[in-house]
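Letters A, B, C and D mark the chains as written, and numbering starts fresh at 1 in each.
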Amino acid sequence: MDEKIREVMLSDSFRKFLGAEVEEFRPGYARVRAVVKKEFLNFHGVAHGAFIIAVSDFAFAIAGNADNVRRMALNINMNFYSAAREGDTLVGEAERITGGKRVGFYELRVSRMGDDGEGEIIAKGTAIVYGRGESFV
Amino acid sequence: MDEKIREVMLSDSFRKFLGAEVEEFRPGYARVRAVVKKEFLNFHGVAHGAFIIAVSDFAFAIAGNADNVRRMALNINMNFYSAAREGDTLVGEAERITGGKRVGFYELRVSRMGDDGEGEIIAKGTAIVYGRGESFV
Amino acid sequence: MDEKIREVMLSDSFRKFLGAEVEEFRPGYARVRAVVKKEFLNFHGVAHGAFIIAVSDFAFAIAGNADNVRRMALNINMNFYSAAREGDTLVGEAERITGGKRVGFYELRVSRMGDDGEGEIIAKGTAIVYGRGESFV
Amino acid sequence: MDEKIREVMLSDSFRKFLGAEVEEFRPGYARVRAVVKKEFLNFHGVAHGAFIIAVSDFAFAIAGNADNVRRMALNINMNFYSAAREGDTLVGEAERITGGKRVGFYELRVSRMGDDGEGEIIAKGTAIVYGRGESFV
């Protein structure tokens, strides 16, 4: 991948603000990792749904733009299976299922990592991107 | 509404961390307001989709729990109509459409406020909550 | 509206097969009506979810194409509030919220009509269409 | 599986009306097969979106109830990747991802079968069921 695109992909302000780190990415796939801090909890004391979505959305933003076509999300649909707590490490993934230059369909997954390094999926969903074919680098 | 419930409703850590303020709430409805800061942008320079969802999710968390029944989101589905930029003021609303003690259906809306005080809806969607009937206060 | 477009709009085979009738339509809005027949029930003895979606999808197909731009659904998201029974009259509506020539966002509603002529919404959701700008008439 | 439950599972009126056949089912999974007839087309001459949803919904109804707990769909979210034409054979699958006695999350898939017996996924989505724990047989 071009160095300039790589740089843009890694410059997501909101991701950095929440302390999520990009672990791997290529066109059509990305994986980020974040720790649930106290500031990310809701008033039930578990990770806010919006934070869980954010973790996968950071991956989605990269996966959906890494071919240097500027695209925006049309839709994000997320199902929540179980809760995450303060200190949990979450891994968000976005993977392209199908699509072309303009419309793309993605699967989003958020896993809570166990002590054994295995993840349990706590939220899963889909996302749709759309672009007009413009490059942004 | 009971003062203790009120207090819990207003104690959402993630909302406070993002600087969103609760403007109004009652059982089945809530409205919050947030300004798009530089830290909430994605690498296209517009508000991150996850931030837009967060603004409505803060309202949803309040609207869906304000009758003191502990409920969690099963699903959030959001459609994105247009972008928000740094400095824009966003208003997120959640409104109960129907439901009972266990399952509830909500509409979510995020509007960008114009200089005239009128909002334009930039994202709209739905959410489903589920609870087992336990109170949390 | 052009007579030829009108004719195409009214030629939906699946709609006719299920006996649903178009009550009103214009670009961006359509309403159809259908009676729940015995053949449309599931094994719980209530109207099949797919039938309920179909009633609104018939309206959506018309509303989303009536400006003579060929568009296909990218996404349908439907929430089910309550059941419909054999003999119930259902009204399905689709209404454009926003969009342009290529991408359009719609709200879908299905109501069960009461004896008083008032409808109660039993399912509600959203749909997204996409087209490449080709006319089909 | 109990013979009586089996019988109920196979008694779906709407599925029979559309000529879809159950190929396999067990608690948490079902697969049905249907041919796109002329009556199932929309006015663009391709299989109606509601028909495509129906094929997976027939599988979902079985997969979501086969443990003899009466459940209803709360939500169906479907993304459409490509079209199906008259004469195409479609296979709809529903598979439980996670859940308990009351709430369950499913993945829905619809594939168009090629001459080589391999399927290509043309629509994919998710569904949520909810039940109060009542058995129906």
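By definition in this document, a contact is a pair of C-beta atoms (placed from the backbone, for glycine too) under 8 Å apart; a residue touches a chain by one contact, two chains touch by 3 or more.
Values in this document were obtained by computation on a predicted structure and should not be read as measured data.
Visitor: So which chains are sitting against chain A and chain D at once?
Guide: B, C
Visitor: Does A-C or A-B have the larger number of C-beta pairs in contact?
Guide: Pair with more contacting C-beta pairs, A-C versus A-B: A-B.
Visitor: Give, as an integer number of Å, the spacing between the C-alpha centres of chain C and chain B.
Guide: Using C-alpha averages as centres, the distance is 29 Å.
Visitor: Distance between chain A and chain C based on Cα centroids, please, to the nearest Å.
Guide: 33
Visitor: What is the distance in Å between the mean C-alpha positions of chain A and chain B?
Guide: Centre separation, chain A to chain B: 20 Å.
Visitor: By residue number and range, which residues of chain A touch two or more other chains?
Guide: 74-75, 77, 79, 128
Visitor: Contact residues on chain D for chain A in the complex?
Guide: Residue positions touching the partner: 77, 79, 81-82, 97-98, 105, 121, 124-126, 128.
Visitor: Any idea which chain B residues touch chain A in the complex?
Guide: 8-9, 11-17, 38-44, 46, 48-51, 53-54, 57-58, 60-61, 65, 70, 72-80, 83, 136
Visitor: Taking the complex as given, what residues does chain A use to touch chain C?
Guide: 74-75, 77, 102-103, 128, 130
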